[in-house]
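Structures given as structure tokens follow.
Both complexes below contain subunit A, partnered by subunit B and then by subunit C.
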Partner chain A sequence: MSFEYAPAPESRAVVSIKPKYGHFIGGKFVAGSKHFPTVNPATEEVLSQIALAGKAEVDAAVKAARKAYTTTWSKMSGKERGKYLYRIARIMQERAREFAVLETLDNGKPIRESRDTDIPLAAAHFFYHAGWADKLEYAGLGTSPKPLGVAGQIIPWNFPLLMLAWKVAPALATGNTVVLKPAESTPLTALLFAEVCQQAELPAGVVNIVTGDGSTGALIVNHPGIDKIAFTGSTEVGKIIARAVAPTKKSVTLELGGKAANIVFDDAPIDETVEGIVNGIFFNQGHVCCAGSRLLLQENVAEEVLHKLKNRMEKIRVGDPMDKNTDVGAINSKEQLAKITELAAAGDAEGAERWSPACTLPAKGFWFAPTIFTGVTQAHRIAREEIFGPVLSVLTFRTPQEAIEKANNTPFGLSAGIWSEKGSRTLWASQQLRAGVIWANTFNKFDPTSPFGGYKESGWGREGGRHGLSAYLKGVSHE
Partner chain B sequence: MSFYGLVDGSDASLKSYLNNLSGVDQVGAEARAAMLATRSIKTSSKRWAIDTAITMVDLTTLEGADTPGKVKALCTKAVRPDPTDSSVPSVGAVCVYNDMVSVARTHLDLIGGQHVPVAAVSTAFPSGRASMAVKIQDTQDAIDAGAAEIDMVIDRGAFLAGRYIDVFNEIVQIKQVCGDKAHLKVIFETGELVTYDNVRKASFLAMAAGADFIKTSTGKVAPAATPPVVLVMLEAVRDFYEMTNTRIGVKPAGGIRNTKDAIKQLVLVNETVGPDWLNPKLFRIGASALLNDLLMQRMKMDEGYYSSPQYVTMD
Partner chain C sequence: MSNRIDVKKTYKLYINGAFPRTESGRTYEVKSAKGAFVANPCLASRKDLRDAVVAARAAHAGWNKATAYNRGQILYRIAEMLEGRRAQFVDEIMQVTGVTKMKAEKEVTDSVDRLVWYAGWTDKIASLAGSTNPVAGPFYNFTIPESMGVVAAIAPETPSLLGFIDAVAPIITSGNTVVILASTKAPLSAMTFAEVLATSDLPHGVINILTGKKEEIAPWMASHMDIDALDISGLPAKLHAETKVAGAENLKRIHSFKSADPGRIIAFMEAKTVWHPIGL
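Let's turn to the complex of A and B:
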């Protein structure tokens, strides 16, 4: 006898996906000219046709945002702006199930994560920033902080609605208007968010959403009518954006890649550490810029931790993202799957040892089994390049000093994890690590009150918390 | 006594054994238990879980007001939880105070319940505040009266004072009294030990001393069998199996009142120690009200609607 969990699928009936979508400009949905499909990565089913914004649409969106900024939003009191943000937050909570189902269909992440993490956190970002809207004078960012103007915001596919919230909520709270472009492969929750803006009666043009691919993103980045660029995505694209805005007056914040070290000292609480390792790399299929993708184990506990980690990985439930018991869902796109597959093959070729638990992957859709590579050294590609998938590279170290040197020996610096029951060691290590976010005895925990951002090639500026406000205000240092 | 070769019975060896245990991070343990509580158990798996949970119930009455009549009624219910449906299995055991053991055993044998063991709470339950001589006699009485399972309490005062060796020796002595006549369940009263570090320490201490089962609580102190406490104990049992090749059982008791809570416990077992533990030889749930909720949920699955509580027998 065994305890097999019967299928527990979340109902799809709560969402109605239109066959075709336009852009959201000046408070209205306007038809697009060219379209491209968005697919459910778990089934390869085409969910809808998405409009591809060209110059005309981006111009119209920037114009609408400018008009809303000049005539309405920058003149409105913080107290009134805050009311709109609260209203949006409440509607997001009311429609949370709809958002969660849509996010899972479009992105491939498990419904448990969209339901319990993405959507509640997105609403929390609006609640948090609603509170700041009328208190900016007291944020320690100058006595009369002023908005920048029109913000162009380009967001990734790994946390579509949550990244939208990270961008839109602080921009609106500080009095800016926005032109936002969701990722090519995950536009649906942003388009539902546009409906929420209408429902909240947000003044027309304060939020504009144009859909498209990299060419649309480039039009936004290079648009002369935009005052600030906020981008989350790859380091490669981040560098292109940095070059493009360098000769302009545009402000810019970049939240880019990472190759985080998750450091396990020999006095760590082992069972919770194993949970943290799993959460660090397999949460959201490893499509997380701050994923704990390099596991650094102190050599005297490496064997024990690996043994427990493998046992734990045998329990990971990979499969239908709509099933409430699924832990790891689908890879977001064919392109991403190819990239993960290529880097994992490089791991094999360079002599690292690959291990995955026994699991049956669905025949259709894009899937990659949770994987660990042991025997990895600093010289391996899988220890240096961001894989952005459910692949963990395991390295060992002998002394705390060596752990820090290895952890910092990367062009990235987004996040890091420290596992130890000794407070003094944790504090010492956190002071040595060159990373924007450091978790102690936990991993991948997010909160709107906590600033998030990277060192080195992981980005410029911070999002969230009081620090994040400064990125949308004039004359304030970005660090 | 060999104590699995883990300790030699001395204070120093016990201290070194316990000091080698890794700590438990409170936030992490609670987060893991909360995540497993989101598992959605439906249809065929729910049906399986309900029937499995019924076989794991230690149907309990531990009141000053217990009478032979009350205990006999409990025994009848234990053998045939639903008199109208013979497909409902008997429960795991009947759990009573020492002086009610013979009443329970006699009545069970009389009504065809030879397969249902009687468990007796022992060692000055629930506080454990008595001399060792009294605790040994308490246990001996219960075994003489027909108890096949002894649920002893540890001396929490000694544990919290750091006198681990005293706690250890008590378990060793009670185990000697049990011999091969009775299974020994060791109750920690986790609500008094408070920290997960203490729960993990007590688990390893009791297992090395000879416990067949480790049990959360007496049912007299809250909080009792919370999911993170049970998680920590299941992890200890899993690790102990890897160290010694011996499977120790786990018994959460106290606060598990409905089917949902019981199924959460089974999920914890399934995803921590695995399916080998999903049987009454290695997992029991100490409860009284739980059984009727399991029966009502079972009826609901058969009939498609909830019945009034009057459709299940009160005892």
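Let's turn to the complex of A and C:
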């Protein structure tokens, strides 16, 4: 006798998607000139037509942000600024289901994740930062911390609303105004967030949202009226931005790529570890910069872990993101699917061994089965390059020193995982690892109070916690 | 007065605790404020820089692992050694820069005191720059700042000793190792300071000192893939943009500073956040 899951679809009746959207500038929606489609990656259905911001729109948004900064936001007391952020947090909670459904339709991630992770965390970021607005002089970042001015913020498609919250909440709490560009393929929740700003009666121009592609992003990065650039995305684009702003006075924070090692020592609690490995690489289809994409297994437990991991992967439910039972949803775009496919093919070509559980993928949409590669060496592309998909590269080690050497053998340094029941070993390993976030006996945990960001080529600066505030304040002694 | 001929010093580089000449065989002339010949220090090359980075990288693991208390004592020891040689530094500063004796004495005094100030920071900075984070879940979560690795620095032209110490001291306080290019026109105090370091229990390779030309060495510092961060306080402003462009290749952390404060230490530290579940 076998148990089957009956379909448990979330209703999309809670959202109404307009056929066409404009930009949100100076507190109002303004019509765009050119448009491009945004699609549901699970069905390839065109959800809406999105405006492509050019120079005129970006100029208007920067102008609105500057005006709001000079006339309103920088003059308002922290206490009052904070209350606007609290309002935003509350409205996001009230409209959480609407945000979750919209996020899943536009992004392809399982409704369970958008409902339980993305949206609650986004609201929590506003709630947390609201409380900082009138306490900045106690943050240990100078006795008279001052905002930078207008922040240009460019966010990715993997956690659209959450990344918006990571950028907008600290910027507003510290007294900056923003021009935000959501990712080309996932603009809908940012546009719904614009409505939240209206409902919160946020002064016009404090938040401006322009939609578009990389060309719009470049206009923001190079705009002379912007004081700060905050970017989350690829290391490749991060370096382009670092070079572009080098001759300017702009300050910059970058949250870039990763190739995290998830290290399993032989005294690890194996069943919990297997759950952690699955969460580390298959959460959000592996579209996670801090994903545990390199599994390092101590040799004497490698066979047991792999056996249990494969058993567990047989039970992963891949399919309709709107189904409340779905574990792994759709790949966000055709382009991303092509990239994952190409890198997985390189894994085959370089001699690693591919394995996926038997699973039927939907005929329409963009899909990639959860995949592991064993027999991976450090020279393989799948051990060096960020795949940004549900593909795990498995390597082995004998001694703890070897594990650390392999883990640190990457230009990235965003995150790492450690699985062990021995406290002193866990703390030793967390000291040795060159990464900004270390998860010990857990993985992919996020919280507004917890600084997030990378070493080396994973970026500049931290987001979240007391540390994240400094990204939006003057008054630290360095430039 | 005797007719004794004084014994003059050859100024060399300071790499990995030794005093090598530049591999390039090049020197340049340093003159006194009045225009008289003073010394032929090394005109360091790209190869010297690379050797210094190798030494700094090798020294990082040990220095980073040393306890903050130990690092503090060594920084204090450097201050002790400098204090004992005040007169020599005063003479060299006066000779090359032409400042009054009173001004030179103040610079040396400030330099000693600055080292003492940084010595006291080694075991306090993590308490200020770190945090425990009350996450919404059953996790123990804390953020610890730690050293970045190898930091390169360009010392300002003047003050040649105090500016040099303001560059190296905050870098090594947290456990980084450093490769620094001394003042071009007034490199004597930096090179004599190397002798102070050599007698201060500082592990070899923690501070490596080059003399030469900023416009020649800075681009190699910026593009070197095994340098993690760069202090360009002593680099002319017109060279900042191109240095930052070159440094973007490995996303170096590049900063410049106007004063001595704890922010200089924190700027060359990385915040590491560790999560661990709480449970029975």
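Going forward, the second predicted complex is superposed on the first by the 476 of 479 C-alpha atoms of A that agree within 3 Å, B and C clash if a C-alpha of one lies under 4 Å from a C-alpha of the other, contacts with A are read in each partner's own complex, and residues count from 1 in each chain.
The definition used in the following text is that contacts are C-beta pairs under 8 Å (C-beta built on N, C-alpha and C of every residue); 3 or more make two chains touch, one makes a residue touch a chain.
Remember, it's a predicted structure, so these values are computed and weren't measured experimentally.
Partners subunit B and subunit C, brought together by superposition on subunit A, fit side by side with no clash.
When the two complexes are overlaid, the chain among subunit B and subunit C that reaches more residues of subunit A is C. Figure note: vertex subunit A, arms to subunit B and subunit C, all at CA centres after fitting on chain A; angle 120 degrees, rounded to a multiple of 10. Of the two partner chains placed around the shared chain by superposition, subunit B is the only one that A:Lys324 touches, whereas subunit C remains out of contact.
In the superposition on chain A, A:Ala379 makes contact with neither subunit B nor subunit C. Touch criterion not met for A:Ala13: it reaches neither subunit B nor subunit C.
Residue contacts after overlaying the shared chain place A:Ile438 against subunit C, while subunit B stays out of touching range. Legend: residue contacts after superposition of the two complexes on their common chain; A:Ala363 is shown touching neither subunit B nor subunit C. Minimum C-alpha separation, subunit B to subunit C, in the superposed model: 5 Å. Where the contact sets of subunit A with subunit B and with subunit C meet, they give residues 441-442.
Chain contact summary for the complex, subunit A toward subunit C: residues 124, 140, 235, 238-239, 242-243, 246-247, 254, 256, 411, 426, 430-431, 435-442, 445, 447, 449-453, 455-457, 459-460, 462, 465-467, 476-479.
Residues of subunit A that touch subunit B in their complex: 1-8, 112, 116, 267-273, 275-276, 315, 324-325, 421, 441-442. Subunit C contributes residues 128-129, 131, 133-137, 139, 141, 143, 146, 148, 228, 240-242, 244-245, 247-251, 253, 255-259, 261, 263-264, 266-267, 270-277 to its touches with subunit A in the complex. Residues 22-25, 27-29, 31-32, 38-46, 48-49, 52, 235, 266-267, 270-271, 275, 278-279 of subunit B touch subunit A in their complex.
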